[in-house]
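Working notes, beginning with the structure itself.
Chain nomenclature is as follows: A, B, C and D, assigned in order of appearance, with residue numbering initiated at 1 for each chain independently.
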Amino acid sequence: MNIPLENIQSFIGKEFATSPSPFMLWLKPIVVSAKHGKLCFQYTVRKEMTNPIGTLHGGVTAAIIDDIIGATMYSLGEPFFNTTINNVIDYYSAARENDILVAETTLIKNGAQFANAECIVWNHDKSKMIAKGHSTMFKIQAKK
Amino acid sequence: MNIPLENIQSFIGKEFATSPSPFMLWLKPIVVSAKHGKLCFQYTVRKEMTNPIGTLHGGVTAAIIDDIIGATMYSLGEPFFNTTINNVIDYYSAARENDILVAETTLIKNGAQFANAECIVWNHDKSKMIAKGHSTMFKIQAKK
Amino acid sequence: MNIPLENIQSFIGKEFATSPSPFMLWLKPIVVSAKHGKLCFQYTVRKEMTNPIGTLHGGVTAAIIDDIIGATMYSLGEPFFNTTINNVIDYYSAARENDILVAETTLIKNGAQFANAECIVWNHDKSKMIAKGHSTMFKIQAKK
Amino acid sequence: MNIPLENIQSFIGKEFATSPSPFMLWLKPIVVSAKHGKLCFQYTVRKEMTNPIGTLHGGVTAAIIDDIIGATMYSLGEPFFNTTINNVIDYYSAARENDILVAETTLIKNGAQFANAECIVWNHDKSKMIAKGHSTMFKIQAKK
């Protein structure tokens, strides 16, 4: 039984409002789907997430990608804490206040010491990519 | 006269509370110093900026780096809007709630079409690097 | 008719020995398959491609990825020259002298000004990833 | 006494022709200077290093950066083998056949488990940056 994954799955269609991550609560993700190594969350662009020209702030895009990749690693239910070594974000197009974003992750490689995962941030109907990012994570044995 | 730079300089020692960027206001930067192509801002890690283990969320680190690099480009006073093509963040060490962060930028290359800038996020006394990131930006002629 | 793609396809099963790229000739790719936006080339690790511990030099891995991504853009038959803005390589596992490598590209996004493509370098039977990289390219109108 | 560094220093002004790295021998670096964590090598762009438009192939640029960063880590004389986790290359301007390149490294952070170093590739008189890259390396205890 994978308790972390089941926990996320219990929020499908709802905001993941019991996340132990204060910043994730700020992002207010709605769980769309959750499978082993593949999460899909939905976000609404709030005014406080925008830049001076009224579009989604690139820093928030990066934060969404980092956050859902972290949740993807957590959802594997492994006895590790994953430290992010780096992440890389490519920006493709803009989103505006009140737009719905759909972020979807893919676990690329899950090795003994390192893991690599990526995330595409789409517009609401997944017809347009907003950004794509990936992270390298280092696994640290969780304290018992 | 470079109005954007003078605007930022007028906030030295204070929070940059008139930023036209809603997300920058959320980050609550205090302007430490501001020169051509080199800004230094200070931030306090608030609880809502942390992850499940109580340390600064990597997404917020990425957001700070993206934001202050954007401000650095704005401070050049050029008639361009800078679109971020990508950014890359390397994470070095953790910060905790209530820690002071010092972010400092360097303009690496400012070409006709593209610009590259980097940012180091330090702990309060700059004895330890928390993260380092850099962005590639594409210059778009600002509408008159 | 897409002449560049047909040119590459005419070498399926053979070394792409008429490449106009001197460095590509040094890499000695064998064309495995070639479709719109998706090339698969095979390489043999020669001694001069190795590092001090006898494994494939990371610089050669990076060069293979950069080269086949460039070929992928060329194969689109567009009237652009693609300048690489940056590339990012993640290294997963080692390869040794005489090993066969299989590199396969995917065109992620092909916009009006920028294109993004990625490449996975596999071992000979694609059971193990050696590395993964992606590039951002800027399109420059080809001179007539 | 740091034997690796002294070894590199003994080649100042000459090609580093005894490198144990076959691919480094192909790059034919001339050692310009060598200090703790900071190497400067010079290269000549040979025809086999170029792309279809006669300029330095981006893959060779990436290979130079990866190689001299590896040499920088070696020159520290630590009892570790450094595995490159990833590298990121930003391309700024072109170089042509017979051009002299000057590559210079900086050790950014040298931690207990990870190290980060960067490299700028300049034109012959360091008046123009060709490219800039950086790598994250993971330290593996060298076998005795």
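Keep in mind that, in the parts below, contacts are C-beta pairs under 8 Å (C-beta built on N, C-alpha and C of every residue); 3 or more make two chains touch, one makes a residue touch a chain.
Not measured: the values here are computed from a predicted model.
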Any idea whether B-C or B-D has more C-beta pairs in contact? B-D
Interface check for copies chain A and chain C. Shared numbers divided by all numbers used: above half gives same, below half gives different; which is it? same
Any idea how many Å lie between the Cα centroids of chain C and chain D? 22
Round to the nearest whole Å and give the separation of the Cα centres of chain B and chain D. 30
Taking each chain's centre as its mean C-alpha position, how far apart are chain B and chain C in Å? 35
Show the residues in chain C shared as contacts by 2 or more other chains, in ascending order. 85-86, 88, 90, 136
Inside the complex, what are the residues of chain A that reach chain C? 88, 90, 92, 108-109, 111, 116, 129, 132, 134, 136
Tell me, which parts of chain D touch chain A in their complex? 85-86, 88, 113-114, 136, 138
Can you list the chain B residues touching chain A in their complex? 19-27, 47-53, 57-60, 62-67, 70, 74, 81, 83-91
